[in-house]
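Lettered A, B, C and D in written order, each chain numbered from 1.
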Amino acid sequence: MARIAIRVQEHDFDVGAEYALLAGIAEVGAIAAFVGQVRELPGGGLSALTLEHYPGMTEKMLARIADAACERWPLDAVTVIHRFGRLEPCARIVLVLVASAHRHAAFEACEYVMDYLKTEAPFWKKESAFGKDSWVEAHASDEAARERWHAS
Amino acid sequence: MARIAIRVQEHDFDVGAEYALLAGIAEVGAIAAFVGQVRELPGGGLSALTLEHYPGMTEKMLARIADAACERWPLDAVTVIHRFGRLEPCARIVLVLVASAHRHAAFEACEYVMDYLKTEAPFWKKESAFGKDSWVEAHASDEAARERWHAS
Amino acid sequence: MAQFQLDPAPTASGVTVHILYFARLREILGLGEETLTVAVGSSVASLLAALAARGEVWEAELGGQRLVRAAINQELAAREAILPDGAELALFPPVTGG
Amino acid sequence: MAQFQLDPAPTASGVTVHILYFARLREILGLGEETLTVAVGSSVASLLAALAARGEVWEAELGGQRLVRAAINQELAAREAILPDGAELALFPPVTGG
């Protein structure tokens, strides 16, 4: 059984510490990680992103995505941490860590979790830039990224 | 220009600290990471792996792989650290960190670097298990993994 | 919490649905949640149609011109899904986390 | 460092090649490096053939039955590559790092 850890929180997380929790498993040969962070706008001017979520459903959905990854690849551990609230440029938003015996399983499962998280986990970003707030629109490219997991 | 850091060393590295060096770049929205570590044999019994390399060529080849990734994807930073010498189970072997504005570029470039590193960087593993030493044989699957980057 | 009654008027056999609105939808509608009673057997689609019939921003947001996702009891739900009594129905724009 | 002379005997126009053996190859051949003088215009393939002609483990490892990679001056090199004077030629099994 893979160790699955899901956290939805306002406070920051420690990438090194979360990684270290998975590094001591003897069967693990590969750990893939992804950190999403608040990116400055191309010309600057971003004050912050504010992330809203749907408490309860969010955790369920993230757990379901992690479970689905464990059914699809032989994984030893999956950690998913996602923040909400006001996040300034360079702030961490999301961490996905996947440990497996083999690197392709770890890489693919990590990307799979991110692709489903982006399109199914109930989070919404509001962007504050140049003194104006606007809700970020969903990208068709994110839907397409998820759909390729159905095809393969 | 992407920041490229290549290190080939006997001593361990700090995943959290290496990650933190890339996390403060304002244009970065995505950091993908891979850590390869010494995996115990299925039934146990591994004493250690000993990694030999070709000093000089190793660093050149890793830098070339990182450069090729930067030409192929819009990356902000690439870090590649690879250890040599005697490494016991759970010891870290390799770290690849890739920072980009977008997650697919980060994921793909990270996997690309690992696939080329596995098949072109001059490292060789000797396995010590049950009191016997044997050189690890190359896997055809690693060649196949690299070849898919030619096709796409 | 606002209390509306939709046409057709609820009967003794109506079901109660607690609706949650998120993100842009909540802001534009000016409402975070409400409880409605609808006919037994009502689907997500029929409830959306009833809400859109309120006109103005309701029609603009829920009338089919913009993408709206629905979740029943915290599970993503299709438009044909039937609303169970006591359901928590969440309505929200396409998600943008990660 | 061992010093061999290969047939055909080096001429005044011969080139010097410093050969490095790595990993399993170094252990089986019992040699980490050596310097040879070969005819001008010699390729990696012709040098490998000359080394294999030493027989026994040399033939078994370098005679074509096992995969051997070559690098000239720390760049991967094809079998047809011509050895420049003063070249560092590395011979090694397929790599297994990462």
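Convention: contacts are C-beta pairs under 8 Å (C-beta built on N, C-alpha and C of every residue); 3 or more make two chains touch, one makes a residue touch a chain.
For clarity, every value in this text was computed on a predicted model and none was experimentally measured.
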Averaging only over C-alpha atoms, locate the centres of subunit A and subunit B and give their separation in whole Å. 22
I'd like the Å distance between the centres of subunit B and subunit D, where a centre is the mean of that chain's Cα atoms. 28
Subunit B and subunit C have mean C-alpha positions lying a whole-number Å distance apart equal to 50
Two or more other chains touching the same residue: where does that happen in subunit B? 36, 103, 114
Can you list every residue of subunit C that touches 2 or more other chains, as numbers and ranges? 98
Pick one for the touching-chains graph, please: line, ring, star, complete, other. line
If you go through all the chains, which pairs of them touch? A-B, A-C, B-D
Note which residues of subunit B are touching subunit D in the complex, please. 36, 51-54, 56-57, 60-61, 82, 93-94, 114, 117-126, 135-138
As the complex stands, subunit C meets subunit A at residues 20, 22-24, 27, 67, 71, 74-76, 90, 92-98
Listed in rising order, the residues of subunit B that touch subunit A in the complex are 14-17, 19-20, 23-40, 42, 44, 89-90, 92, 101, 103-104, 106-107, 110-111, 114, 145
